[in-house]
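For reference, the structure discussed in these notes is given below.
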Amino acid sequence: MDVVSFRETTEKYSVIFLDAYGVLKSASGLIDGALETVTSLIDAGKEVFVVTNDSSRSPESMAERYAQQAGGELLPPERYVSSGLLAAEYLDKQIPYGKVAYLGKPESAHYIEIAGKIPVPIADCTVKDHLVAIVLLDDEGFDWFRDVNATLNLIRRMNVPVIVANADITYPMRGNDIAIAVGSLGGLLADITEKTFVRFGKPDSMMFAYAMARAREQLPKVSKRDVLFVGDTLRTDIIGANTYGFDTTLVLSGNILPEQADLMIRTSGIIPTYISDSIAT
Amino acid sequence: MDVVSFRETTEKYSVIFLDAYGVLKSASGLIDGALETVTSLIDAGKEVFVVTNDSSRSPESMAERYAQQAGGELLPPERYVSSGLLAAEYLDKQIPYGKVAYLGKPESAHYIEIAGKIPVPIADCTVKDHLVAIVLLDDEGFDWFRDVNATLNLIRRMNVPVIVANADITYPMRGNDIAIAVGSLGGLLADITEKTFVRFGKPDSMMFAYAMARAREQLPKVSKRDVLFVGDTLRTDIIGANTYGFDTTLVLSGNILPEQADLMIRTSGIIPTYISDSIAT
Amino acid sequence: MDVVSFRETTEKYSVIFLDAYGVLKSASGLIDGALETVTSLIDAGKEVFVVTNDSSRSPESMAERYAQQAGGELLPPERYVSSGLLAAEYLDKQIPYGKVAYLGKPESAHYIEIAGKIPVPIADCTVKDHLVAIVLLDDEGFDWFRDVNATLNLIRRMNVPVIVANADITYPMRGNDIAIAVGSLGGLLADITEKTFVRFGKPDSMMFAYAMARAREQLPKVSKRDVLFVGDTLRTDIIGANTYGFDTTLVLSGNILPEQADLMIRTSGIIPTYISDSIAT
Amino acid sequence: MDVVSFRETTEKYSVIFLDAYGVLKSASGLIDGALETVTSLIDAGKEVFVVTNDSSRSPESMAERYAQQAGGELLPPERYVSSGLLAAEYLDKQIPYGKVAYLGKPESAHYIEIAGKIPVPIADCTVKDHLVAIVLLDDEGFDWFRDVNATLNLIRRMNVPVIVANADITYPMRGNDIAIAVGSLGGLLADITEKTFVRFGKPDSMMFAYAMARAREQLPKVSKRDVLFVGDTLRTDIIGANTYGFDTTLVLSGNILPEQADLMIRTSGIIPTYISDSIAT
């Protein structure tokens, strides 16, 4: 497939959904030119949202961090759609009031708090606690050896829903390293316990439906055909957005290197609508 | 968990979604009392829909078959939501005009026709054909040995989307036998080719979102809280509906026998809102 | 890795194990030069064996087919080590006398007969039969739709060992096509029934141990270091032989094309001792 | 199946292989009566071996710990067959001299040392090191978050064999808790990197072949029929030993509770030759 200019790929769409890691930012900060691109998309009258599997912090905190890196607001908090919001909605609607054990940094507990439940770090839970759910939010903020094992035993002993608020397997680090995301820890625990967890995040369509509902608040008559989804991974972003009904642009500034793109598309069978080097092009 | 009367579980909901196999019908026809229950739900002012992973026939043909078995219309065609409709929508929006190779009976090709594409049975395809997609619709209507192998080689040679229009693994037959559903054939082919297919059907949330959109056409202000989803399998119906945000009733008239229910809930970690023996209770 | 002459790779080994498909033969017959290579290995005093996951026919019948294609005996029957022999040994030692249901052509039943049990094609079995085991031998010789479904229901209803006599996923056909092997059907049935089957064949080490025992009958003092295993697949032949303790030559005359070899070694992490274009080099 | 006295099940066998965890010992020490049983088996002239997936310590260290718990030697070091010995043999024969990165406690590095290679803890490795292999030996002795992530990135960057010296998923802890074994960490890393690792340990047949070769050193004419394998798990011990050709006793003093045994045998399809409450019976 030909690599085309990102700006051109956006022309016929009124809503642009951008993945975060690998599209807007890398492990070292904002991708060069990302700020200018977002500004010019907004200037061109397009509705821009960030759609991310990150549940380690609140949308407010995300907006703040981007503002720091961009030297000014990139997008307001309500334009950040995270899989943590889906988990929060689930906790709100499907789980009774009570203590929710969680794996993650204290700030990830935001998603439990906005659902009106009581967050308790796994390390502070015992089998004597009356828990209403267990939530995996982030891969940091706890001792893996102690707390992943503790989570395993809590899941075995209690029959409460286990919620994985981020379906990602890995995320990028500096210097082309990667790190194991909380979605992988969820997969490990589900395999061992042979239980089925409640999982949120791309490529599941619910994330795209949630983002679409947000876009409709701005543009009530928008349809799936008016949306372009921009992502850096085939198996999370592109297949999910395509299945839901969005056109897609694969950018080569993250997970997939330019020299790998053709091979990975051919071997995976996942075909984006467009390919661009990055959103800065 | 206690087994309760189905009628009671429906009381506080205005929309009732019923799975087909194991809830409304078995391999030998309508489940005893199903017709009476549907009638009385409608009489009580509730909106009733059938939500099924069956893509072997059109909603019109489904309505007709139920009418034959019930001795009169059970529900009109527009109340049947099948995963085939999601596949048809995908073919309509995401696939250019052209030939679509399919596995299934001729009547399953309905979903390709309503998407405005040209259905061609796998047996009639060669690698020289210019195909725009390959769709797995039904486990019957073709020679498994010849045509599953032919599908494998088409998928390996052509880089076109492969769509699995029914995510089910098995379906019930007479006398407690089961049969391998087309979703299993899709899984087999995806494993061998290491490609990612576009899969439609419960437990993916898109099916529930589609059914919800249909319900909103009748009751524009309906919310997820007003919906009860009724199913006979934990890993398809209950976890999917629960994740999407619906309350659920597990009925013990299909996949799960009454004596297995508690163990299966405990080992799977999937907890329905209610359990009933069948919708006739 | 460098591609070297096959003859050179064999120099320091006294026992040569050759995979069948992709090494000795292709879908169209003996690979060019295979006969000359085997003859010259034997002339050089090396012990040559064919080690194959094929359980569709007896070693005698294999020897005969190669003789037809080679215009004279390639190797005597006792030099053919098939996974069917492991299955037969298992049936002999671990299964009581009685009826064994099987999937495969009539000649594959040889392995049940030499174990002193009564072979019955799946199509002729009912749940009323007193079966002692179910064996998957070959992908041909039965109606897939009818008999794979029948096997599924037999496995669900009877608690007898299920034996998969060939672990292969696919095998090569003419014109670069492939066909689904009986190992894949075994995987499908194990996934659906969630039962653990008894599986024989490479990459499991038992196959290599069995071949080694055969070689010791000829050369009692032979050690693993004296053996070279020659195969065309990384995930079946090379990883299995390497884990067992053999040096390995990957030939590029079958499963892996010359231009793919480096990438597949790098992405799989499976590293052969040598690479050669074919055994004819 | 009936539960029978363990002593009776051993009568017709001259070689007894005992799994360690759940058979000989629990998280709190030797299982009651284990010492007496082992003594009486030896007195009855039987050859007794411990066959374990534990690669966290050397056979000498294992023998010492059992001696401490038993108040005197249970079995001499050469009667402990661990999967670490298979990994050591592999490192010895298949890996050139050099640095081997490892995950585990310092004493697990024993298996790298006896293979004549240089053990280096993962935490002390960088991508600049010239490593010849990476070995996963034990789940303790390192910082999971830091070192599992470091292992992931080493595996991605270096094309060297990755060896998992213990195939276990979990192991028992006090009070019915379990802990994640290093085999699970290996599975997690293999899934993420999509590489194939070299795995040692039950249920793979190599472990049983290795134990058999040890038994032959004592009783040269022993055959598989003379061996009884005693284990507490169906999917590791029983299926592996049965496939290899040993008769088996499932004991209910570890992984499987007495009330679960029948259900687990029926659902898994794995059928032991005998069932006993414990080796003390």
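We call the chains A, B, C and D, going by the order they appear; numbering starts again at 1 in every chain.
Here, a contact is a pair of C-beta atoms (placed from the backbone, for glycine too) under 8 Å apart; a residue touches a chain by one contact, two chains touch by 3 or more.
Since the structure is predicted, the reported quantities are computational estimates derived from the model, not experimental observations.
S.K.: For subunit A and subunit B, which third chains touch each of them?
M.R.: Where subunit A and subunit B might share a partner, there is none at all.
S.K.: What chains touch subunit B and also subunit D?
M.R.: A, C
S.K.: Would you mind pulling out the distance in Å between where the CA atoms of subunit C average out and where those of subunit D do?
M.R.: Roughly 28 Å separates the two chain centres.
S.K.: Between subunit A and subunit C, what's the gap in Å when you average each chain's C-alpha atoms?
M.R.: Taking the mean C-alpha position of each chain, the two centres sit 45 Å apart.
S.K.: Using mean CA coordinates as chain centres, what's the subunit A-subunit D distance in Å?
M.R.: That pair's centroid distance is 40 Å.
S.K.: Which positions in subunit D are in touch with at least two other chains?
M.R.: none
S.K.: Taking the complex as given, what residues does subunit A use to touch subunit B?
M.R.: That would be residues 89-90, 93-94, 155, 159-162, 193-200, 204-206, 209, 224-225, 234-235, 239, 242-245, 265-271 of subunit A.
S.K.: Subunit D touches which residues of subunit A in the complex?
M.R.: 139-140, 143-145, 148-149, 152-153, 156, 169-170, 177-180, 184, 187-188, 191-192
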